[in-house]
Amino acid sequence: MSAPSTTRFCLRLLRRQLVLAVRRPAEMGNPLLFFAMVVALFPLGLGPAPEALAGFAPGVLWIVALLASLLTSDNVFRGDFDDGSLEQLLLAPQPLYLGVLAYIGAHWLVSGLLLSLVSPLFALMLNLPAAAIPALVCSLLLGSAVLSLVGCIGASLTVGLRRGGMLISLLVLPLYVPVLIFGSAAVQAAVDGLPVAPYLAILGAMVSLGIALAPLAVAAGLRISIDA
Amino acid sequence: MPSGAGAPLLAASDLCLVRGGRELFRDLSFDIHRGQLWQVEGANGAGKTSLMRILAGLSRYGFDGRVQRRAPLLYLGHHSAVKGLLTPRENLAWHVSGAGDWSDADIDDALARVGLCGYEDVASHTLSAGQHRRVNLARLYLCRAPLWLLDEPFTAIDRGGVGELEAVMTAHVAGGGAVVVTSHQALQVDCEVRSLRLGAGGAQ
Amino acid sequence: MWSFLHKLGSPPWLYAISGSILRWLLPLTLLALAAGVVWGLLFTPPDFRQGNSYRIIYIHVPAAVVALAGYYVMATAGAISLIWRMKMADVAMKAAAPVGAALTFAALFTGAVWGKPTWGTYWVWDARITSMLLLLFLYLGVVVLYEAYENKEAAGKACAVLSLVGTVNIPIIYKSVDWWYSLHQPASIKFTGDSTIDPSMLYPLLLMICAFYALFTCCLLLNMRAELLQREARTGWVRKLARGGE
Amino acid sequence: MYFDSVEAMLAMEGHGVFVWSAYVVTAVVIALILLLPLRRQRRLLRELAADERRARAVAANARGSS
């Protein structure tokens, strides 16, 4: 009956978050729907010429994925803040660092992973060459993990504020820039027939750095938000 | 266990809190030992909840003084921490406080004791506010933390529930635990109740 | 040393000492700024390639240098306030954000105006300009977050966390933007090749950089004083100050 | 001095508009970041002084009536 080991506790949290997400399937589908709709806006705004669309596709797909991830990260802690679960999480004897990592992991699984998996569909709609699609999926898989890590920092700092939605984008978007640059560059490199691995390696380095540091910032942010 | 034996579970020294230019309490020092039941009293806005959050360690700045916590604690705040989308059983099994690793039988037993027998597997959002509260109180039967910090535990609880809750608190204190409770009503317990009155220029 | 640190944590002492520092630093700063401007505008020869438009360098470069340094001042203060829970560091961090944002804006504006006669366009997505723009966004994020919190103590802590996150990110952002620019840079224009600068142009530039650092310090202290008054409004020393006038 | 006349100084061989606008905007920015905190400080002090006076008047009234 002693406190569960840290690993068990984190897996338990991860499972809890995933069950919560699965029980609200509509909310899980929202980012995908957002992705689809915004991608559909680009041909309407830029014109339907296939070559032009293909030229913009790497950047467009990455920017839309980034926005979709950003919009969902606002909700990572909000529900738990409102019903008092977050207080209990902060009082848990296990290190908050790992608990937070479980939340971020769950967010990545329901937003980043799903977005990466459906992105080939939208890539084809935007005439992205088929050869670049594996690079798109891989870069999104890695990059969206960074987006989740950084987005959760913003979420932890704004969770106590009523008007979080707009604020979180102002805080987080400048921090997304490196991911956007290297993510879209990876896809562009694949389009041009250049090697993609270096970009993916850099994205991987960002993920490692993010996993090492972001949970610290999130934990500090949550303690501050709970105390405000 | 005799009250006051050994090192205190929690030692607060020189706590002082100012909110919005008003001093809620100052130079508040007390030790909470095993076998003690403390009731924090005071009018609305006297700083009861703030004090509880300071004791629990949720408030980390904005006050002066020191709090030393030497034992695991259980904190029940105003919010029930019950997720509407999870069943009561899941709520307890995956509780974010990470306090225990309980079997299904333990959880069913605890839920039965707070009067939620038969509600183990319905979605919590179909339950009433009082039942949410009871799900949260089921943690008292599961948790082995020696120190309980209960902030207004009687809210939304019917009269029978209040009696049971008082019985649990008495049993916990008799078993060598300690309880700090904020409440406006007098406690009907057969053990000594230490009172901590906030307001009117400090604790008495 | 400890007693000095202890004093640094005391609002009335800080208020008094910043007042006496400002009494000589502020006039000196304004004098240095005026001298630097006159020197740079009127007494230096024009650049042989850019003509007179290069004179913008005397405000553009100092503003950019100090704006970037200001972020690190802010982040350092934030770290101190988080680690040692020093309230005055909190105040300093809050005071640095708007000043840094204003200087970043000045650097961006002068850069854009300088760009028109030199490159024929107000805005180019050059690596340095883009990085400055992102720096401005980072500063504004801190300002906006601070204003969003009602509890100013929590606001200070939250901004400290944000500015530390920004500090880790700034080198990454700079490197990635640099790299991004080299990827997209058209071969025909190149601004990054630094030519050696003539001493007659260098000395006024150095003077202006020093003056901007002093200006940053002055603004920081002024902001801190105002913030101190607001936060400590109910304490005895502020009341005494208010009674006595100043 | 490098320039021969005030006109030459203002014109700066065609670059005057850019140079002077950059300097003017920077001057405005500097003035703002110096004056805004000063104004805030002065206003705070004035409000606090008014608070003090009001409190003293209330205290005097209370003493007078009792």
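Going by the order they are written in, the chains are A, B, C and D; count residues from 1 in each one.
Keep in mind that, in the parts below, contacts are C-beta pairs under 8 Å (C-beta built on N, C-alpha and C of every residue); 3 or more make two chains touch, one makes a residue touch a chain.
What you see is a predicted model, and the numbers here were worked out from it, not measured in a lab.
**Student:** Show which chains lie in contact with chain B and also with chain D.
**Tutor:** C
**Student:** Could you let me know which interface, C-D or B-C, is made of more C-beta pairs in contact?
**Tutor:** The comparison resolves to C-D.
**Student:** Which integer distance in Å separates the CA centroid of chain B from that of chain C?
**Tutor:** 48
**Student:** Roughly how many whole angstrom separate the Cα centroids of chain C and chain D?
**Tutor:** A distance of 18 Å separates the two centres.
**Student:** Measuring from the mean C-alpha position of chain A to the mean C-alpha position of chain D, what distance in angstrom results?
**Tutor:** Going by mean C-alpha positions, chain A sits 44 Å from chain D.
**Student:** What whole-Å value do you get for the distance between chain A and chain B if each is reduced to the mean of its CA atoms?
**Tutor:** Going by mean C-alpha positions, chain A sits 37 Å from chain B.
**Student:** Can you tell me which residues of chain A touch two or more of the remaining chains?
**Tutor:** If we look for residues of chain A contacting two or more partner chains, we find 227.
**Student:** Where in chain C do residues touch at least two different other chains?
**Tutor:** Residues 151, 157, 233 of chain C touch two or more partner chains.
**Student:** At least two other chains touched by the same residue of chain D: list those residues.
**Tutor:** Answer for chain D, listing residues that touch two or more other chains: there are none.
**Student:** What's the contact topology between the chains, one of line, ring, star, complete, other?
**Tutor:** other
**Student:** Which of the chains are touching one another, listed as pairs?
**Tutor:** A-B, A-C, B-C, C-D
**Student:** Can you name the residues of chain A that touch chain C in the complex?
**Tutor:** Going through chain A, the ones touching chain C are 153, 157-158, 160-161, 163, 167, 170-171, 173-175, 177-178, 181-182, 185, 206, 209, 213, 217, 220-221, 224-225, 227-228.
**Student:** Show me the residue ranges of chain C that touch chain B in the complex, using the header's touch definition.
**Tutor:** That would be residues 85, 151, 153, 157, 233-234 of chain C.
**Student:** Inside the complex, what are the residues of chain B that reach chain C?
**Tutor:** So the residues of chain B touching chain C come out as 21, 61-62.
**Student:** Mind pulling up the chain C residues that touch chain A in the complex?
**Tutor:** Where chain C meets chain A, its residues are 82, 134, 137-138, 140-141, 144-145, 148-151, 154-155, 157-158, 161-162, 164-166, 168-169, 172-173, 175-177, 179-180, 183.
**Student:** Quick one: which bits of chain C touch chain D in the complex? Just the residue numbers, please.
**Tutor:** Per the stated touch rule, the residues are 26, 33, 37, 41-46, 51-53, 55-56, 59-60, 63, 95, 98-99, 102-103, 105-106, 109-110, 113-114, 116-117, 215, 218-219, 222-223, 225-226, 229-230, 233, 238-239, 241-243, 245-246.
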